[in-house]
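Remarks on the structure that follows.
We just call them A, B, C and D in the order they show up, numbering each chain from 1.
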Amino acid sequence: MDIGFIGLGAMGLPMATNLLAAGHKIRVYNRTASKADPLIKRGVELMSNPAAVASSGGVVITMLANDAAVEDVVVGVDTIAQRLAPGGIHISMSTIAPATARKLAEYHAESGSIYVAAPVFGRPDAAAAKRLWICTSGPHHAKHKIATILEAMGQKTFDFGDNPGAANAVKLSGNFLIAAAMESIAEALAMLEKSNIDPVAAIEMLSSTLFACPVYQGYGKAIAQQRHTPIGFHLPLGLKDIDLVLKTGVEVRAPMPVASLLRDRFIASIAKGRTELDWSGFALGVRDDAGLPSR
Amino acid sequence: MDIGFIGLGAMGLPMATNLLAAGHKIRVYNRTASKADPLIKRGVELMSNPAAVASSGGVVITMLANDAAVEDVVVGVDTIAQRLAPGGIHISMSTIAPATARKLAEYHAESGSIYVAAPVFGRPDAAAAKRLWICTSGPHHAKHKIATILEAMGQKTFDFGDNPGAANAVKLSGNFLIAAAMESIAEALAMLEKSNIDPVAAIEMLSSTLFACPVYQGYGKAIAQQRHTPIGFHLPLGLKDIDLVLKTGVEVRAPMPVASLLRDRFIASIAKGRTELDWSGFALGVRDDAGLPSR
Amino acid sequence: MDIGFIGLGAMGLPMATNLLAAGHKIRVYNRTASKADPLIKRGVELMSNPAAVASSGGVVITMLANDAAVEDVVVGVDTIAQRLAPGGIHISMSTIAPATARKLAEYHAESGSIYVAAPVFGRPDAAAAKRLWICTSGPHHAKHKIATILEAMGQKTFDFGDNPGAANAVKLSGNFLIAAAMESIAEALAMLEKSNIDPVAAIEMLSSTLFACPVYQGYGKAIAQQRHTPIGFHLPLGLKDIDLVLKTGVEVRAPMPVASLLRDRFIASIAKGRTELDWSGFALGVRDDAGLPSR
Amino acid sequence: MDIGFIGLGAMGLPMATNLLAAGHKIRVYNRTASKADPLIKRGVELMSNPAAVASSGGVVITMLANDAAVEDVVVGVDTIAQRLAPGGIHISMSTIAPATARKLAEYHAESGSIYVAAPVFGRPDAAAAKRLWICTSGPHHAKHKIATILEAMGQKTFDFGDNPGAANAVKLSGNFLIAAAMESIAEALAMLEKSNIDPVAAIEMLSSTLFACPVYQGYGKAIAQQRHTPIGFHLPLGLKDIDLVLKTGVEVRAPMPVASLLRDRFIASIAKGRTELDWSGFALGVRDDAGLPSR
């Protein structure tokens, strides 16, 4: 299939590469053009503006940094929303607010194109390994049509129905659960470390039994060893996502006290100058409060 | 080996039964004598007081409700601490405070007997299936001597060194992490439910991918379905454990804000009369705050 | 002086009435025109659109519900920003975000008019009694020029310098401190009530000694007696203000955990359907959590 | 009247001095005997053990550091509880747990003496100036009998009925409200300081209007200026009191989230080595989290 791809960051590039490997023809756009070099070498066409990747009745995938960036390529005169019409599909794979997703879906509908939400779970290495988990929501027929495209990028797709914001709400929930797990791990390990108990041994035990799953194993060890580089997911993006979670909570009237606590951790991390870390680095704030030194 | 076993509750009875099945000879004590009936039928001797299960140089296992109950059978005149001397071993398997464990270890040492902490992870069904995870700490030679006893009750033993309080601190950390996971799951699912997204589908997705581990699978589903009976672990015991976590935190000077939040949830649950529930039932408080009805 | 006044709600109407009583000539605008009746009877001119209250070099006061409402009358083609030029002054007395104030100040500057922030402390009865406390920030000469206007509405003016957002930040801080005091009062009184101690006697003691000030006396008694009507300040506006506090906190990188807690209380109040209450009504959530009945 | 006085610390010494000035005859005990020197010079008798200050049918005042210290002089063989019998009165003025007060009241009753709770509000300077506020609870006739004694030490007495724990619960509530006010002030001022607004000007405005009361004026300025010495109330005692508040909350089933937050602040302060500060010093933690330097 002919696919336009916008956003060749740490996630977008390996995802586009996998599409290529699966035999799709892609045209790409990225603000910093040089990021497209590895694809250009393989014959991919680089466009000079985002709208140019779209063709009538085609498919455009966006993998951009935040809500505003996605809105920028959709809302306005002569954007992908109009260029995809009639009947083209925008697969929006960034983590954005459910409210933004609903707004964009409406805008596409008015423009004669279709919006499908398809945010993903997984860090850059998972994207490269085609091991992303993809959550979808939007019109059934459109999701059916793009199934093989998603298969080329992920290990499994989970559908959450028609509501265009649903997949994003689930995605945000997942990120919230990960951050909440990191906070609680950090609290437990600080208490153990101050009790003269080896935090690495403790988290190894816990994450090989009750919590034998990727989040506790990966982040648990990182927190126990205070290893927050290289950056898998940039710390300030953690604040962005938790903020989206809380905004959604306000919108639907659901208090989320752990999310509030997490937001304060991220703000404090940034206030303390800890921006060039993986988002797990917010857990250093737990050490600060316990009077433990940070590496 | 000759083993005394004190405490035949929901956990203690299947554990004692497994010891019997493994060929150990046991003498038991329980405050409510009738609980011992299934064992008596199989030839086990029921003693009229806790100290009577102990013999010089032998082994006594305690599986009791709380710190005070364990202290009651150890501290004082003619308790298991003295009866086990010289050289007998008290395997203390309840979830108690690290500070209590240290105190009891000292008392045993003064009395000529040995204290080994061996708290367990797992609910009654895991105890029956011999699938408990056991954390140990205490004198090396004593732990070596009781290894086969522990093997008869659990699927794996994890050691945390000499410090008698260490195993309990790890056990408390584990219970804290479970409760923290439940709180965050409940917050996420309330937000999703109020966004008209099926919470069961969401938790199934999350607990089959990022969180593919027993805690998220079991408790996640229970919370999504508001199913908090039958009681695997009694709600008021959750308050007890979180209180021990916080006490330990104060003692070693490690603030634990998520634990504080959990304590408030448990207090509110009890204040609202929700005592006859599994401890996961505290999550109903999240629904209350979101204005969602509880079954 | 010739003054335009936009926004004749529970606060705006008595404020405009005091201006009139002080001998100022005013023209007014209000979305619901009938609210202006008491002023029209006294010869005040009612305009058909907000911009019409402004005259070149004159003064316009806004007392509107939220940031968007203030932006609506300032930003755009032919608004008060242009009509006041050259040199006219917009006295913005609503509680809005510091960031909004800065944005509006810039817009005015570009349009040739001047923005002065002048949010107030005090409820409708204080407005009627000319007992408002007014916080100002903005260009010195403009504040000098409007001093007598402010005197006609309040008992004292406190200045916070040039930064147009400063007065709003202080105003938001004040509202935050009030809500924080209410939360802590509610927690203390719930604990006392459940200890069989008369909460009214306790708050009377405390608010006649350590806390002998209006906030603890007024709200303290209201909370002790669960009296949250009549509405002095509408509960959903409490959420709006706390949200502005938190947004400002994120913006300047200052975590505010008590503000987060308050936000959750307001969200829960609204989720539970408690919207038609004074904002002190959020304190009922504290009673819920303690299992105490609400009237 | 003949009065025994136990505990000549920063509070006890000026209180005893005021009793002397009012014409009472006092016998004193203090663990560190030299603290009694100023009183001995004025003819006061220093006893070698606490029980020795008591006489049958007399009055003993205790002003000690914590629950354990008060229990030490009451519970046991030949303590003030027995020496005061029959009919003597123990005026217990320390800040202790309501549960401890009830326990001590029972013990006195069994011993034939009477327990009256009379905790005070005020720092050492207020004690010296006879400006303490005193909360009482206990048997009516006993309170009647000691009225003039309390008048010699404070500016006003507030009674909370028969329940011996009531006065302590109110006292703890007051300390909790003070600490809660400090936390919220610190959060507001950090936000303002990071917005380039003078925190001293802001708190002066707020504490001369809405919050024109001693707590906001005194502590507000101290926090704005980061002035946490000299020590009026030792920081670690703040943790003790908040812990008592939370224990009482658990006991009566009343969640107190702000108290939990405060406890974490105190723990963090101690973990960071900030023990030799006035209790208001916990507010430095708010600055830490906002990335603001502390003096």
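Heads up, the rule we're going with is that a residue touches a chain if its C-beta (ideal position, glycine included) is under 8 Å from a C-beta of that chain, and two chains touch if they have at least 3 such contacts.
Source: prediction; values computed, not measured.
Student: Could you name all chains that are in contact with chain A and with chain D at the same time?
Tutor: In this structure, the chains that contact chain D and also chain A are B, C.
Student: Select the chain at the greatest separation from chain B, using centres from the mean of Cα atoms.
Tutor: Between chain B and every other chain, the largest centroid distance is to C.
Student: In whole angstrom, what separates the CA-based centres of chain B and chain C?
Tutor: Averaging C-alpha atoms per chain gives centres 53 Å apart.
Student: For chain B and chain D, let me know how many angstrom lie between their CA-based centres, rounded off.
Tutor: So the centre of chain B lies 39 Å away from the centre of chain D.
Student: Could you tell me the distance, in whole angstrom, between the mean C-alpha positions of chain A and chain B?
Tutor: 38
Student: Two or more other chains touching the same residue: where does that happen in chain A?
Tutor: Residues 194, 249, 253-257, 261, 264, 267-268, 270-271, 289-291 of chain A each touch two or more of the other chains.
Student: With chains as vertices joined when they touch, what's the shape: line, ring, star, complete or other?
Tutor: Chain contacts: complete, every pair touches.
Student: If you look only at chain D, which of its residues touch chain A in the complex?
Tutor: Going through chain D, the ones touching chain A are 194, 264, 267-268, 270-273, 285, 288-291.
Student: So in the complex, the part of chain B that touches chain D is made up of which residues?
Tutor: Checking each residue of chain B against chain D gives 239, 243, 249-250, 253-257, 260-261, 263-265, 267-268, 270-271.
Student: In the complex of these two chains, what residues of chain A are touching chain B?
Tutor: 98, 121, 133, 135, 156, 158, 160-161, 163, 165-166, 169-170, 173-174, 176-178, 180-181, 183-185, 187-192, 194-198, 201-202, 205-206, 209-216, 245, 248-249, 252-259, 261, 289-291
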